[in-house]
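Take a look at the structure below.
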Amino acid sequence: MASKLIAIVAGVGPGTGASVARKFAATYPVVLLARSPSNYESLTNEINSAGGKAIGISTDISDSKSVQNAVETIKKEFGNDVGAAAAIFNASGGFLRKPFLELPEDVFSTSLDVSAKGGFIFSQATLPLLLRGVEQKSQHPPSLIFTGATASVKANANMASFATGKWALRALSQSLAREFGPQGVHVSHAIIDGVIDIPRTKELLKELGPEAKLNADGIANDYWWLHTQPKTNFTWEIDLRPAVEKW
Amino acid sequence: MASKLIAIVAGVGPGTGASVARKFAATYPVVLLARSPSNYESLTNEINSAGGKAIGISTDISDSKSVQNAVETIKKEFGNDVGAAAAIFNASGGFLRKPFLELPEDVFSTSLDVSAKGGFIFSQATLPLLLRGVEQKSQHPPSLIFTGATASVKANANMASFATGKWALRALSQSLAREFGPQGVHVSHAIIDGVIDIPRTKELLKELGPEAKLNADGIANDYWWLHTQPKTNFTWEIDLRPAVEKW
Amino acid sequence: MASKLIAIVAGVGPGTGASVARKFAATYPVVLLARSPSNYESLTNEINSAGGKAIGISTDISDSKSVQNAVETIKKEFGNDVGAAAAIFNASGGFLRKPFLELPEDVFSTSLDVSAKGGFIFSQATLPLLLRGVEQKSQHPPSLIFTGATASVKANANMASFATGKWALRALSQSLAREFGPQGVHVSHAIIDGVIDIPRTKELLKELGPEAKLNADGIANDYWWLHTQPKTNFTWEIDLRPAVEKW
Amino acid sequence: MASKLIAIVAGVGPGTGASVARKFAATYPVVLLARSPSNYESLTNEINSAGGKAIGISTDISDSKSVQNAVETIKKEFGNDVGAAAAIFNASGGFLRKPFLELPEDVFSTSLDVSAKGGFIFSQATLPLLLRGVEQKSQHPPSLIFTGATASVKANANMASFATGKWALRALSQSLAREFGPQGVHVSHAIIDGVIDIPRTKELLKELGPEAKLNADGIANDYWWLHTQPKTNFTWEIDLRPAVEKW
């Protein structure tokens, strides 16, 4: 039965999402959700070639129909009674640092749609699978983990579009932690407070040395650690930043 | 010139909104925005009869076109160069205390649409008028005030739909405070942490006595106090609760 | 009877303390506590000359015997059944921005002794008088107000000695607000997040213009506003900063 | 060289302290500090018998002379150039849930002396050893970990004596994290938000089942996890509570 337990990762780019997928793929079949297949194809190949099991499903996380289709695909692949050991919400609705009065409404709306509504849709779709993971006596308490940012706890000038979605997502995760903890699902929120070291950020913070950026595999380790906490010792929130970060 | 300065209140029900409108109407012409005219008609009559000046505009605060129409109506009424001394966002997207998996998507979306997107749209529409208030040397720094709730800082179980919108709104207010404070606009956020004493809540908390509920006129006094703070002494956030409240 | 109600201010320097004393002296006889009489003498003269009533008492706020002596002096002056309308804790245990390993233990201890233990001693000495103010039906709910700082909510590097005392004081004020609110005493905490404009800070922030520093009289107005809130609408915490402040 | 690295634990009772000592003893020689030898004697015996290395030193953590003596003893035992891989502050100054006006000053002072001043003294004594651990290229970044509580972030009524010390300790840990992170020392704070399962708490929360209390070995695992985070991914703060805890 435990073989039916899967891990689902929404938002798979070259950073946290990919590292998390690799980490959880060492134990569970993983399902990768991203709008564009180009975001998960090489990763599913890599995991499957290495002896793991991964499928990717093209999904618009802010659209409940699209997410429901993804769940149907998951059930076809893993059975109608499939349970989840982990669901990780790593999607993010973009980022436009702009004077507020120059911020287009659709940028603001898209950020909210992905971070807040997307978080809602993903949670409603995966919690039934996580609760089935509880029934199926998963080794570790089934985990629902949300990726936050500096902007989850601080709303700076010119950051309104990003921060509103991220604060909303943090609220969602806190409410769910309180509701689903007693039901055996471990809901967590990680404040990623710094720049992640990925190809796109190569030139950033170079002057501070090689340890000035967050390591994505390190984040994945921390998510795995959260996943393995027993029911007596649940952490809702961690912050994560490089040692040299100013905060 | 100062005669051109108005106050705009979005979300006018029988509680905070009406009290705030009355309070600010003692000094400024007030514009009341609500979806249904029944929410502002008796209030505009009351204020106009008492020698003040009030107009109501039927507005869907979560729809930028509707809000833009309201601004056009305001300009027709008060002139194209109208400035604002205060803009108060008191709208709220409903409230459904329900197990998360029973929460309809449209309830969640509506809450976000009003609290978060509505806050965004209202701010983009009124900040140009508030900045004109700065230019027109309003007696008190033009104020943009947001009404929050317990759920703005704590996301309890079964409160996901309300809390996500309220946390997003608080983020918006903090970001705007940081951006527009240096430009002379005073942005504030009030955490209303308790039940407001209005007809609808008459039966609530009776056992705790007549002072167990927040007084709406008291809230309006506090908003006025925020409005009169000088540029050297801006408060971003206050909390408000009855003395007997458990918190 | 109301004539018996006094206001007590601990920590009277040239800034907040003096402004608060003047403000409350317009309504109540005021008692000023400071270690050195030079800190209150000219102020008591000023208030008494202007038709108010003020006495100063040389007090070490971190020493319960000294504070008990002050209470005895107060009772001799105003009667054994004297009640208080307000007690304001504005003392602070110094400030040494230093690398942690160079921080002398006595600097750390003194800061804790004044901010945390001083706050405790002052509260234990004044709360009985404030509760008597409740019995004597003071016009406004008797108020116990604590002056905080940026370091009350953020502990920066090299600020350990100041921040520990200030966080402790904030904790004290929150606990007291929860315990004594239901008994009719209004306990508040003000986060003064910026430089106060006093002779000693004349040269600071000049480049940002005349409004870059907090106005001490403005702070006093805000404390008075807190004092006048009714029992239905208590604020525990406000933050205060100049409009141009980065935060 | 790495053989010189030790772990130091202050505050060793039957719960968190003992579990942490056992956990870190699997990798490092451990030094246990407690006022009474009865608090560490059986534990040092247990660790030494199991092939580990442990010494206990009778220490009053709120007395800098006593702590300095402990450091001298450590140097005699492990060499003058001894470095530390971890220092864990688990001491706590007691707990008296009482109406504020019945709280004896010495109870308040003792709590501050242990939590706040003790934290200061312990940090000043161990940071030089932790910095030596950095020089000696410890496998994991040397860690300074503080044990907090619910009362570290919430100051309830009747909890003033405990909360003031705990808030002060949290401030200390945040300031040190910001100062010493860039120097390679990982400073963390754990909010233990629930009852720990130890003999003394056997009868508590029985009605909620066997998983209603925090497991001390689980806390130790989490401290070890914090210890093993790389310099690119430091967590300052975690919260920990049973899944069924109301919060």
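Order as written gives the chain letters A, B, C and D; numbering starts at 1 within each chain.
In this section, contacts are C-beta pairs under 8 Å (C-beta built on N, C-alpha and C of every residue); 3 or more make two chains touch, one makes a residue touch a chain.
Worth saying up front: this structure is predicted, and the values here are computed from it rather than measured.
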Label of the chain whose CA centroid is most distant from the centroid of subunit D: B
Between subunit C and subunit B, distance of the C-alpha-averaged centres to the nearest whole Å: 32
Approximate Å spacing (C-alpha centroids) for the pair subunit B, subunit D: 46
Two or more partner chains touched - positions in subunit B: 178
Pairwise touch network: line, ring, star, complete, or other: ring
All touching chain pairs, where touch follows the definition stated at the start: A-B, A-D, B-C, C-D
Contacting residues of subunit B [partner subunit A, same complex]: 64, 99-101, 103, 105, 108-109, 112, 116-117, 120-121, 123-124, 127-128, 151, 154-160, 163-172, 174-176, 178-180
Subunit C - residues contacting subunit B, complex: 141, 178, 181-182, 184, 186, 197, 211, 213-215, 218-219, 221-222, 225, 229-247
